[in-house]
Structures are given as structure tokens and as C-alpha cells.
Amino acid sequence: MSDHGYEAGRLNLPFVGISTFGKKEYVSDWDKIEADVAILGAPYDFGCQFRPGARFGPRAVREASTLFSFGHAGAYDHEDDATYLGSDVRIVDIGDADIIHTKTRESHANIEYGVKKILDAGAMPVTIGGDHSVNIPCINAFAEDCAENGPLHVVQIDAHLDFVDERHGVTVGHGNPMRRAIEKDYVTGMTQLGIRNVSSTAKEGYDDARARGSDILSVRQVRKLGTAAVLDRIPQGARYYVTIDIDAFCPSIAPGTGTPSHGGFQYYDVLEILQGLSKRGDVVGIDLVEVAPAYDPSESTQILAAQLLLNFIGFIFHNRQEALARD
Amino acid sequence: MSDHGYEAGRLNLPFVGISTFGKKEYVSDWDKIEADVAILGAPYDFGCQFRPGARFGPRAVREASTLFSFGHAGAYDHEDDATYLGSDVRIVDIGDADIIHTKTRESHANIEYGVKKILDAGAMPVTIGGDHSVNIPCINAFAEDCAENGPLHVVQIDAHLDFVDERHGVTVGHGNPMRRAIEKDYVTGMTQLGIRNVSSTAKEGYDDARARGSDILSVRQVRKLGTAAVLDRIPQGARYYVTIDIDAFCPSIAPGTGTPSHGGFQYYDVLEILQGLSKRGDVVGIDLVEVAPAYDPSESTQILAAQLLLNFIGFIFHNRQEALARD
Amino acid sequence: MSDHGYEAGRLNLPFVGISTFGKKEYVSDWDKIEADVAILGAPYDFGCQFRPGARFGPRAVREASTLFSFGHAGAYDHEDDATYLGSDVRIVDIGDADIIHTKTRESHANIEYGVKKILDAGAMPVTIGGDHSVNIPCINAFAEDCAENGPLHVVQIDAHLDFVDERHGVTVGHGNPMRRAIEKDYVTGMTQLGIRNVSSTAKEGYDDARARGSDILSVRQVRKLGTAAVLDRIPQGARYYVTIDIDAFCPSIAPGTGTPSHGGFQYYDVLEILQGLSKRGDVVGIDLVEVAPAYDPSESTQILAAQLLLNFIGFIFHNRQEALARD
Amino acid sequence: MSDHGYEAGRLNLPFVGISTFGKKEYVSDWDKIEADVAILGAPYDFGCQFRPGARFGPRAVREASTLFSFGHAGAYDHEDDATYLGSDVRIVDIGDADIIHTKTRESHANIEYGVKKILDAGAMPVTIGGDHSVNIPCINAFAEDCAENGPLHVVQIDAHLDFVDERHGVTVGHGNPMRRAIEKDYVTGMTQLGIRNVSSTAKEGYDDARARGSDILSVRQVRKLGTAAVLDRIPQGARYYVTIDIDAFCPSIAPGTGTPSHGGFQYYDVLEILQGLSKRGDVVGIDLVEVAPAYDPSESTQILAAQLLLNFIGFIFHNRQEALARD
Amino acid sequence: MSDHGYEAGRLNLPFVGISTFGKKEYVSDWDKIEADVAILGAPYDFGCQFRPGARFGPRAVREASTLFSFGHAGAYDHEDDATYLGSDVRIVDIGDADIIHTKTRESHANIEYGVKKILDAGAMPVTIGGDHSVNIPCINAFAEDCAENGPLHVVQIDAHLDFVDERHGVTVGHGNPMRRAIEKDYVTGMTQLGIRNVSSTAKEGYDDARARGSDILSVRQVRKLGTAAVLDRIPQGARYYVTIDIDAFCPSIAPGTGTPSHGGFQYYDVLEILQGLSKRGDVVGIDLVEVAPAYDPSESTQILAAQLLLNFIGFIFHNRQEALARD
Amino acid sequence: MSDHGYEAGRLNLPFVGISTFGKKEYVSDWDKIEADVAILGAPYDFGCQFRPGARFGPRAVREASTLFSFGHAGAYDHEDDATYLGSDVRIVDIGDADIIHTKTRESHANIEYGVKKILDAGAMPVTIGGDHSVNIPCINAFAEDCAENGPLHVVQIDAHLDFVDERHGVTVGHGNPMRRAIEKDYVTGMTQLGIRNVSSTAKEGYDDARARGSDILSVRQVRKLGTAAVLDRIPQGARYYVTIDIDAFCPSIAPGTGTPSHGGFQYYDVLEILQGLSKRGDVVGIDLVEVAPAYDPSESTQILAAQLLLNFIGFIFHNRQEALARD
């Protein structure tokens, strides 16, 4: 090892170095993933109905994540008096799924392939979109895993219900993923948080979602209930797949997205739900989608995405360790 | 009709097509307005005291409104379990009043003319500024209508009192409209919400406004009282004219404006007041002003304006129908 | 007609009014196109290989075109001592082709349909992209017209050859249009101007293009030859279809595009070729593609596109009239 | 005096004139400071660990401050029914400390010199950064003043603890100032508000800070306690030095900064603490740092800084006068 | 004098200090102008027909000018082997003319007053706009001076002829200044350079201008003639008033302006004409207008304006000294 | 090897994947550099005298370089009828030198260390700044190499002479590198191209540079001479070190830089000199500095840098092979 290495004492400020997620190791050979968490970029955005550009979400979130890479031996949080993401949590970045312009099916298949390789390696997949349609191959990839380890409860943080079955032949756009998910026999339920205002899903979509076992709460409903009561409505001890559409948040902190909707969540609204969720059961997969940096010169949106993901991953593995310690 | 028509099945995504307000029909002949609501642009901004550019407000709000045009048979709101703006609410866009550079009086006269034509057609005028001085011709245009149908109570949502009588000969700038409004014999009262921090109105303006029957509340006062109590202070069953200066909102969601002021309203603060107001009496006219898109590359401000206007119009006609149904 | 009409004396400044192309009449019924020129938006951009956003090209170019709408009785050009685009040239804007997210074939079909309707109406189609793949349906639409009126010579102004046959199954992306065009039996030749630097077309593409009768010139080659000599290489008296990729231009004046390439054309380089071409034969169709406004806060790119199109249309009809006058 | 003078009646709109802070007099000769408050720019930013650009903070805050310069005889606040910053409060702008590129020690010395000159003149120094390391020379400058007038309690409003002792030899970067301050014998205690999320300070820093007498509260802790209870934890009647890192605020209102951190303060959170503090003891010095305008095209960050500083200065002198009146 | 002074050794980097023009002394008392050159801001922009914002031109150009303030003993130009703007050329910045929102006549009168005060003080006025209509009061201010010292030849660098007599009652907008100038008996001729493309001036305007003695050249005509031949067409030994509309330049270097027009001048095109002009006669006044910074986040436009003005002023006084030396 | 690999058929569009330079392999262990060319980022910018931000130059140039990574088997240039950068040219990206905030000497030492490691590995170093001061450690690193292989002739492409010896104690800022270089006994000469307008170097600097054997040419002088004549002034067969300050270029194509200067080079001006130079002798090292992306939302500057570097590297190795073939 060269004496250039970090071990030998680089300061390694946030702005220095290649932008992998959290400046973690880049693993280009997908047969050699050895990690607890693997980051996959899914830069597909032909499923967007307004402003495109989420294809640059993976690069933007990676770059923003370097801002939070300067705690050396993990990240100390004085509010929790806990150190997250110590060296015992192995995170790798495996780059992006191959995207084929003009081709939705092929691009989605490549995303599914990447998530499967992560699951095969026994790591938790964290997929960074791309538009929300990339959730479809992410969920598809879990078929085998669920056959073995049990079904998923999907927790969606989003402004929009994304529950359109089909319109003009479109079944795998960014308005369809939750409908596609609920169709899986290995998805047993769904919690949809932050849903508000007009969108591409009509009344029938809401009725259908509820009929199929979805729990839909708006931002105001979540706030009125409080974090604890919201968490209580989510099945305990389940295997959670969490899909975060950045437009769930107020455009004030997440302006860089395709279809912004005012009245969204503030930071702690979501952070505390995610922290609670990490204590309530097993988070087995995550995607974070719809970061479109071209509309946010302040980079606030990508910083939010990175900060949220790093904290959420920290919570998950901290609570796994706590749970192990208790056993 | 060509089979190109929407009826025959266009998907008509938000980003597709000419930007009229809500992608509604453009009516260029102002003698042929047949509608419940008519949108008029008033792109005048020589009355602004800091950053100009509200002349591009009408175009920006129109473009943003296309994002909310993809609910087909009206817009379903799951929180209210109501479908707003169904095909029974006829909205048209009549384009802009003619603005004459260097000339304030003539430009204002053209705005007044447009609002009058809308009122003559029996439609509710929704004027998109332009700076807040365009409220002056809007209110002027109501003289005849009020003589026939009764006076107005003006509800202003704004950071600034805009109650300057005259300074350096200026009487129709964006710091003067509320003073001009209260002078009308057909304006019986005023509720001024969101007023905060230093502005061009001095202490005397506040005293004068109160003496003339204005109720002035800051953002913090509105929040402390709560929506219901604020609504209670507004005369019930009156004819309301609502003037919304986008700088009433927190710059976090409305940075694109001429004279931003921190500490402003969040989205639901105002939405709920507007929804309550639409149940409390007749909203007979609206203007929304001071959207200056050049200062907001995220387009958040114009999206807020469009989202707010479409929801407010939805509330008004929903409640009119409910009222009719009750009778 | 209302006395609001332009005839009755609106000043109608550029920033006032709905943004149709050149503030020309919007014709939503595609069975009622009565014009010499019809503008069609083709906001499809899933064919782009780097920065998306050309879906907002049509709206951006329309808005920019209003800057050039303030010459009343046509546009006087003192260098040519000519007045272009007088009231005898009828231009209409027919809005956009319907685009289906995730679906390339269907979106392209809708573009082809729109161009056909224009041709059926006897007007010259001017299509505003969208990415360069929209040229494919534009050319497709000419099959019938060419069967009747004779074949096309395609003149391409572009940084990239766009001559990829197939890669990874992609045949209709923005790297393929010129290959698709030359395959048509009604395309007899091609002039490709501005081609430079590395792109998705490999050496074989160049060989193939030349073998199929294409004349390829770089920016430096065009400048070295001079406008007249370049024009001399284009068959005289042919029916020209002109496809302008805005990235043909130097990024200094056209930064708002998906795949910028330094070393491009300056304004007069292209303007003079287009003016010469309009004298050399019949321009029967135009597309201008790859304007992606999100990357150009100065709006320079869309202003270039609008200025170029309005001038080019002016030249074409001026020379048609001159030709008629000579006969 | 020329009849051009303000006294003789200029309207003096915010956008008119040279940008000194609050359009106050510029005093270039630092031996002739005659004022209650003197503004000093400290445009040093080599101490920043992510996005630089705070060197343009002083110019940006000055320009934004002109927006709030249009109340003539002081600024009337209707919520407090008070007029702040009347002509009896003398504010001057003394320009910037000289900054030497590549040189930290020399630049800091020049800042210290400027603050000392202000203190020597008996005025309250208000230093506009620059990155947070400029707090180090600001505190250094108080040595003599404190020897005479008593020690300081430092109140820090910030996202980050900035309590690193030394890393890689760095002791005076923007992660070190609070550690440097607490080392002074004339700094008797510290209140650190808004601290959250991961940063360059590790757990040891928190322990050390608390051991040395610091009171650390996160944004959520401050909100849970409430303004009054937070103020109660700050020693009453002390001499306060207040250092405001703009990244204490939510990136929604302060995106233009080097190291944004979500979950920050809203406007009134901080305003009310500052107002309360001004009643609780003597504010003897202020710095406001880390405004980096290049990342905020909406100018929201600099407007926040200017609005906050002008209000804070207003509160301080209003309460000094009230206190005098009571005596 | 404090030892803080520049004389005593500040490095005074461009980014340090208050933004007056070239960091020159600010003279607020217009009865005490003692200088060779006085800079006046004229932040009026209600005369603009497309994008407003030139009211921030003076502040933007001042800030950009600080970039060129770091040559100590004048600015050495190695191409000319000359040092310009040594300490013998006294430049002061007198701030801005008072602008009254909604009021054109009053605002223009205040600009005229400021230019007159400069002329009364025997200094050369350099007015920074503001839109091009501010040229009208600038020229008006010369009435008395010309009565004494002889008439003016106006040299205009612009994309647009600005020769509209009256439209819709508008006579003093930004399309009218050259018409207003030629009406003065003390304006004996006009050279209009850079004029191109469609604008608000119709064919009649060109005929009228030529009939009244104007020499109109497009960018291409200027380039074809060459600098020397262009200069030859300008009367030698006259008193020149030079009005520079920044939109004369190619939008590639001057995107931040209200009505951009492609095909404009490059930097040396204009620089060499200005240098030549400074040798050909007496430049007695300058205005530079239409810098609207909101449309140019790169600040390129304001840097161009500052670089051009500083060089032009340098040429003028260098050649005056050379002329004196020759005598 | 996983079947995910590129060999197995990824399309690998420009927007897909981690941003290393040209998507080349990232080598984190500096003892294992096996390549012809190694890219090193040098994100130091405390040496800048106006707008900082060049610390993000390496990341920006890397991301832009992905746009040019889609030619598979090298990049075919039809003008040269040559394929550049085939698989025989091995390029690696070794990440960034470690930068220490507040510390210039240490940061420079780390850059020097990185360049030395590249030289030790027998590869050509290509350093991406950072401000121009990073050239100083780059040149320092060549001491040993030159002792062995012979001295350097430095070719500088820049707007500024950067020949300041010392000012205010500053000797290693971005105004000093050329002075520092010429002091080396292994630097035998210097060619400085593009130098223009006022800067931090005074007349004495020019005299000194010339006295020490520098050849200084402005943009206009270079154009007047022509590429061939310029090349003739550079010693043939020498070992060239080429330092490219992006501000050498016209701000129209390179606005994203700290100290822009109008009148700069266009793309082909420089490209052709670099191509000629690669034929004239051995290019043994390159740095490209002063790309500050925060000032260029169009990303044009970083695209220019990437396009230029990839072409230049292509030329160098193409000509080395041609030379070998000739031998």
C-alpha cells in the first residue's frame, strides 16, 4: 500500500477526491461485492412526466455525499449520543446500471440485474434514481430474495400516489410503480406517506390502493398523528422496502426534482419516521429517486438526499447491532 | 373536429403544448368570454422598488400551471375526498393586458379594461401580475360591478402593508395599492395578513389603515390565532376580493419575487385560509402578483402560484356548488 | 372583433401575451390548418445520450420568438434592404405532438402524424424538437409528399454525424437520424455541415455516409471553402429538407443543449448558408432540435433558435416571391 | 451641502446607490470612526472545507441590506409597535479588512486589526465573513477590551460545533473557532445553538466543549425548550459576543453557504433568541459568517443575513435606550 | 490618515472592499466633484421592451470593475507598451441619480441633473445605465455645455437603431434615444455601428435617420470595412459623445441584457474603434447601458462593460496627454 | 470478471457511471500506476485573487469528460482522418492530491508528491487545478526527472503573465507561477500565449520575463502571426511542459473561472497550437487550471477543458506513434 493511503494520514476534505457515494470504495466487478450495503445508480429518466434530468441524480447525490464523509471513525450524533457508520459497516459503490436511450424495458432490466447482484452478495441494495419508475425493477429484483426470506412491506415517502395502472399503454412510467409493486405476491402491504395535491393518479387509484391494503396519509395527516402513531400503523417486525421520492419534501429543501409539489415534508418529519422504522423491523432495501440537479443550483436537493441516506443507513445498522447486542 | 383533439385521446403530458393557464382555451376576442373564470395577465412592473421582472409573472405562472393539468376529469384531492375543477367549471385564458413601456397610467388603464370585460361577461377575474400596483386597476374595474352587486371586502395576503398614500409624487406604485383600495366607497373593509418587518409603509400608514377599518395581522399573529379565529375576524357572507402578493410567503418557497421578506407564510398557512374563505362568502375576484421568475431558477415560486390559484379556484366553485346543493 | 384586437391598436410588446411561435395564431384543430408555414412542437427527448431537457425546447423557442414579434408590418432588414415576413406570409402554430413517456415508437408516430397533417394542408412544416431523433418521424412524414412532388436533399447543420445504424438495439435515438434518412428512397443526397470532434458515430459511419452520397464538412472546412463554395456543393434546384441541431453552433451562443461541442459555427456562418440555400432551391421542410433551456439561464440558445428560424422562414418566402416575380 | 443630498429629498429606493451596509456612511479612515456600530467586512475563505465563496459575503450582505434601507425615520415594526434604528443610532461601514491570498495568518491579523480599531473607537463591531475562521481574529481583538470591561459569554448560532483543536496541523480553519475562543481567559462560557448532524468535530470535541463549560443544544432541543427556556440557560447580564454561522439556518432559506446542513433553524427561531438576548445583557460584538452568494441565485441567503443583522442591531440599541430610560 | 490606508500598504485584492467604480473615491456631495472623470449610475429600466433588470447595471458594473483595480500605478498594457490610468487621471464615483418608480419624466430629470453637475465640475461624465432611454437625459444635459464648447457627434454602438419617433405615445423609451438626440441642434451627426436584425425601428426609421445625417453600419459592414475605414467615416476632430448599448455585442459575451441579438460584435471589434476614436477627436461624454445582470450568472456581461469602460477611459486620457505632449 | 463488464457489452452512455477522467480506471494506490498518462486533481484555490471555486475544477472536468467517452475503440476525427486514444494509450485517474485548508505550503507539497509519483511510474502527468498556483508544485516535481532527461521549455496558454515575484509576502499565489518556473535551472525558456489586458503583473514583470528568455504574445499577436509562425518561435525538439489557464480563452466559452478577461482565444486558436506542438517535440507534462464551475451553469467551461485535454493527449500519443513508425 502506498503511503498516499488514507490510513497513512490524508486529511481528505470533502471537496477532495473522486465522487463515489460517501467516498466509499468503487467495486466495478459485480461478482465481487463484499459489503453490508451496496449503492447502485439507476440513471433512467424517460418515465418522467414534467422536468427530466433525474439521470444525473446518482452523480449529484454521490458528489453531495462527500460533504458528509469527513467524520473519520464514523459520524457522531450528539442528539442521539451515538456514533453511526463506523468501520464495521461496509459500504461499497458499484456504479450505475447500464441505461439504453429510447429503451425502457432494456434499461429497467439492467437495473433489476444490478439489484439482484447486490442481493445475491448478501448486501442491502440502495438504489439512487433516476425517476420513480426505477422502483419497478428494484422491486422485481426481490422476487427470489422474498421467496427465500419472506415478503416485503413497502413504505413510500412521496408527494404522489404513483398508482396508475395503465394510461395510453404506459405501465412502467413514474406514475405506475406503486401499482406494479402491490401486484407482487411478495408485497403484502404498503404505507404511502406524504401524498398530497393533484397528480396523475385519479380517485379510482386511491380506492384501488386502499382496497389492496394500502395506508395513505398526507403530510398534514402524518403531522397530526405524530411520528409514533404513524409508525404504529406500519406492521411491526416486517421486512421493509423503503422508496423515497425526493418530491415528498417541501420544494423549499428539494427544488431539484421533476414534479415539485408544495406542502411537502420538512427534514425531521421524514428523518424521525425513518429512524423509527429502522427500530421497528428490517429494512432490506432502499431507493431514493427523482433528484434532478439541473433545477437546483444551490445543490440543496442532492445534499438532502445524501444526508438522509447516510443517516438512514446509519440508523439501520446501528439498530441491527443494538438488536444483536440485546439477543 | 380533428382526431388530434384531446377528446380523441391525447395523453397531453404537462410538458406538452402551448402554455395557457391550466392549458385552458385561449380567448383572444374579449367580447366572446364565456366562462366562470377568466385569467388575465397584467405584466406591468415599473412600480417595483427593488428587483423587477414581475412582467414575466404571467408567462411563468401559466407554464407552471401545466404541471397541474394532468388530472383528466377534474383534480381529485384525497384529503378532502373531493374532485375539484371538473368540466362544469369553465376557465378561459384571455391573454394579457397591453402594457406600454415608460407609461404607468396607460398600462393601468389597459389592465382595468381587461378586468371590466371579464366582469361584463359575468366571469370571475383572476389577474396575474405584474407588480402589486396592478391591484389598483383591478379594484378600479369593480366600480360598476359593486354598484350593482354590493361592495367588496378586500383580503390581502402580503408581507407588506402597501398603504403608502404618496411619496415623491408616487401614488400608484407597488407600495400604494391598499391605500388606493380603501379609498373606494365600494370597499368596506380590509383584512391584511402576513404583514411583517420593515417596508415602505411607516407607522402612520398602520395607524391610518386601522383607522380606516383594516385588520392587520402578522404571520406569527395569524399562526397564534389559528385559521378559524382568523377567518372569524373577516365579515361573513361578504363579497371578497383577494389579492395575493407572493412575497407573503417564506422566501424558501417563493424566492422569485421583487422584495423578499423572511419569516413568511408556509403553504398550508395560506391554503387553509383561502379554503375557509371560499366557504365564508363569495370570492368575486382574485389577483396574484409579484412572481418574478428570473430570481428563481428552480421555478418553485411560479409552481406555488399556479398550485395555489388552481386550488383556490377549485375551492370557490366546489363551495358554490355545495351551497347551491344545500339550497 | 373586440376592440381589444391588435388591429385596433395594441402596442403588444414582446413580453406581453401568450407564447405561440412569433405570437402567431394557435390552431388546435389540425384539420383546419390554412397557412404557408405551420409550427409543430416535438417535445420528445428520450433519445438523448447526455443532458436531457430538449422536451422544453418548443416552449423555450416560442417564448424567445416573442422578442422578434414587434416589427408590425413585417421585419425590415437594413443590410438586405428587404422587409421579411409581411402579412402575406401566413404562419400558424399548431401546438405540440402528443408525447408518451417511456414510449419512443408511439411518440415518434405522433410527431409523424403532425407533420403529415401540415403537409396535407399544403403548408411548410417547421418542427421544433425535442432531441434530434424527432427528425426521423419528420422525414418519415414526407413519404407521400415526395412520391408526388419529388425526392429530398437533406441539409444537416450539426456537430455530430448522427449516422449510427444500430447500437445495443437502438436505431431511433438521437445518434441515428441521418442513417435513417439516407435509407429512404426519397432522400437522394445529404449535405452534413459543422461535423467535428468525437461523437457516437465511428469511422465506419463516415465511410458509410460518404458511400451513400453524403458530403461531410467540418466547421473549419466550411469556413475555408466560404459560403458560396459550400452552396455550390449542394444540388441546385432540389427540394431541401433542412435539419438544424443547435449544437452545430459554438457553445458560446448555444450552451443550452444536450451534447455541446466546442469549435462550432458562429451565427453568420449558418445564417448565410441558409439564406443562400433559400435562393438555390425549394426548402420544403425544417426541423430545429436539441434546444435544452435548463442549461442556459441566459436564454441565449432559445433566442438563437428563434432568430434563426424567423430569418430563415423570411428568406424562403421572400425568395419564393422574388422567383414568382421573375417568372 | 449639495441639494442632491438625501436631506433635500431623494426617494433613494433600495436599488439606487452605492452598496454600503444599510446605505450607511462609508468611513475609509479607521482613525475617524464615530459611531455606535461599525460594520467590517472580513472576506477570507481559505478556511472552508467544502464550497468556498464566503469572500463575497460582505459585498452580498451589503447589497441585500439596501432592500431594508427605505424606512426613512427608522424602521417601524408593527408587531413590536416599535421604531428601530432611528437617527440616534449611528452606524458606519468601514469597508473590509485586507486579505492576502495564500496567507492565513496575515489575513487574520488584518481582521483583528480592524475589529480593534472599532473597539478603540467605542463602537460595537459587526463583522461580516468570510468563513467562520474569521471569528478567531474577532475574538482575539477583544483581549484588551475585556481586560478593561470584563469577559465575554459567546453565543454561537451554527449547524456545527466548530470545536476541533487541531487536525493535520490546522488550528485556525472554519472548524476550529469555538475551540480557540474557549481557550481565552476572557471567554467565560459558551452557548452553542443549532448544532446537528455529522461534522468535522468528533465525539471528543463535544465532551471537551461541555467540560470547558459549553451548553450545546440542537435545533430540535431549542424548539422543544422554547425561546424563554433557552434564554434562561444563558448567564444574565453578561457581555455577549454573538457569532452567527448562516448555516445554522435551514438550507431552504440559506442555501448560499459552504457546508449546508438540513434540519436548521427557521427565521423566527433565531430572531426571537436574538431579541431575547438583547434584553438579557449587553451584546458587545457580532459576527455573521459563511454567506457564499455564488450558490444562491435567489439572493435569499444574503437577504436573510441583512434582515437579521439590521433587526438584531435594532433590538440591541432599542433595549439599551429602554434600559437607560428605566434607570 | 490612518495607517489602514492603501498608501500604507494594503494589498487590496479585487474581492476586498466597497464596490465603487474601479474602487475609486465615492463623492456623495455633487457640489464637490473634483475629477477628470465622474461615474454616475442611472438605474432606470421602465423603458425596456423585453427583459428588465438594467436598474442593477450600475451595481454590477461597479462590482466587476474591482477585478481590474489591482494594477497599482496604473494599468500596463503590453500590446500598446503603455500604462493607462495612472494617478494623474482623477476618477470619482458620484453614486446614482435618484429614480422614482412609476415615473419616467422625474427619473430622467434626475439623471439629467447628475450629468449636468458633472459637466459643471469640468469632468467627463460616464453614465452607467439603466436602459438605453437614459441616454436621453444624458444628451439633454449637454445643452449648455455645447452652447459653450461646440456641438456633438454621437457615436452609437448598438444592435438596434433606437430611432422610433413615437409609438403609442411613447417618446422616451429605450427605442427612442437616437431619434431624440438627432433632434438637438447641438447634435450635428451620428454614427450608428452594429445595427442588425429586426427591432422596434421600421424601415421609415432608417430612411429618416439617414436623411438626418446618420451613418448606419451593421456588424458585417463594420468588419468588411475594417476599423480604419470605419473611423474615416466619422468626422475628425469633433466632440464625440459615445453611447454603448451592451447588446451591440454578441450574446456570447454579453448575455445579460434585455433584448439580446445574435450576430453582434466581438470584444476587439469595439475596443479598436474606441481606441481609434480617442485619437481622432475629443470624447466628451460616455454612457454604457442595458447591462441586466440577472440574466448572466457568469457575470461575463458586467465584466465586459467594466473592462471596456476602463480601457476606453484609459485611451482617452492617454491620448489627451500625448496630444498635449505634441503641442 | 463479471459479465457486467464493459467488454461484455455495456452501452455505457456518457451520463452513466462514476466520473473518473474519461471514465478511465481509478488507481488509488499511487505505487501501482501503470499507464502512459495519469490524471491528478489538484483542488487548491486559496491562491486566487477574485472568484474562488477552482477546487471543484477536477470534479467538474472529470464529469464533463464523460461526454467524450462514448467512442469505443478510440475517437475518430474525420478532419484528421485519424483515430485517437485507442486502447494502446493507457490512461488512469489517480484521484486528487490531499489539500489542507488554511495551509498553502502543505497543500502544494501534496500536489508535488502526486506528480512525482506519476513521473516515477514513467507516465505523463496531467494535473487538473485548482488555481494556477498549482503549477508551482507541478514544476517542482520535475526536478529529478529533468536532471535525468533534460530541461523543460514551458508553454503557457493564459490571459495573464503570472510573473509577479513577490507582493505582500505572496510568492506562491496564482499570480506567481511563471516567475517561479523561470527560476528553475531546468526551465530553459518560456512561451507565454494569450497574454492581454491589465492584471497583477506590472510592466516590470514583462521586462523581467523577457530578460529571462520569455516570448510573450497576445491573442491578437498570435492570430496575426498564425499558428505556424507561432510554433516556429518555440524551440524544436524540446521537452515541453504545457500549462493551460482556462482564462486564456474568451469568457464566451470559458465563463467559469476566477478572473475572466475578454478578448481571449477561441477553441481552434489553441487546439491548433497544441496539435502543432505535439508534432514539434515531446510534451512531458500538462496542467489545466482555473476551471471554477460555480460560475458556469451551462458547464461550457468544464466541457472545453475536457475536450481540449482529451484531444491534446490524443495528439501527443498519436504523434509519438507516428514518430516511432517513422524511425
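For clarity, chains are labelled A, B, C, D, E and F in written order, and residue numbers in each chain start from 1.
Here is the rule we go by: a contact is a pair of C-beta atoms (placed from the backbone, for glycine too) under 8 Å apart; a residue touches a chain by one contact, two chains touch by 3 or more.
Keep in mind that what you see is a predicted model, and the values were worked out from it rather than measured.
Following the contact convention of this document, B, F is the list of chains adjacent to both chain D and chain E.
Interface comparison, B-E versus E-F: the pair with the greater number of contacting C-beta pairs is E-F. Comparing the contact residues of chain A and chain D by number shows a mostly separate set, under half of all numbers used being common to the two copies.
Which listed pair repeats D-E comes down to matching contact pairs by residue number; over half match for A-F among A-B, A-C or A-F. Here the spacing of chain B and chain C, counted between their Cα centres, is 39 Å. Centre to centre, using the average C-alpha position, chain B and chain D are separated by 38 Å. Contact of a single residue of chain F with at least two other chains is seen at positions 11, 13, 15, 49, 51, 55-56, 100-101, 168, 170, 250, 252-253, 295, 297. Touching chain pairs in this entry, ordered by label, are A-B, A-C, A-D, A-F, B-C, B-D, B-E, C-E, C-F, D-E, D-F, E-F.
Per the touch definition, chain D reaches chain A in the complex via residues 49-51, 161, 167-168, 170, 195-203, 206, 216, 218, 220-221, 250-253, 255-256, 259-263, 295-297. Residue ranges on chain F touching chain C, taken from their complex, read 9, 11, 13-15, 67-68, 70-73, 75-79, 83-84, 250, 252-253, 266-268, 271, 297-300, 303-304, 307-308, 310-311. The touching residues of chain E, counted against chain B in their complex, run 45-49, 51-53, 55-56, 100-104, 106, 133, 168-170, 172-174, 294-295. Against chain F, the residues of chain A that register as touching in their complex are 1-2, 4-5, 10-13, 15-20, 26, 28-32, 41, 43, 55-56, 59, 62-63, 93, 95-101, 113-114, 117, 297.
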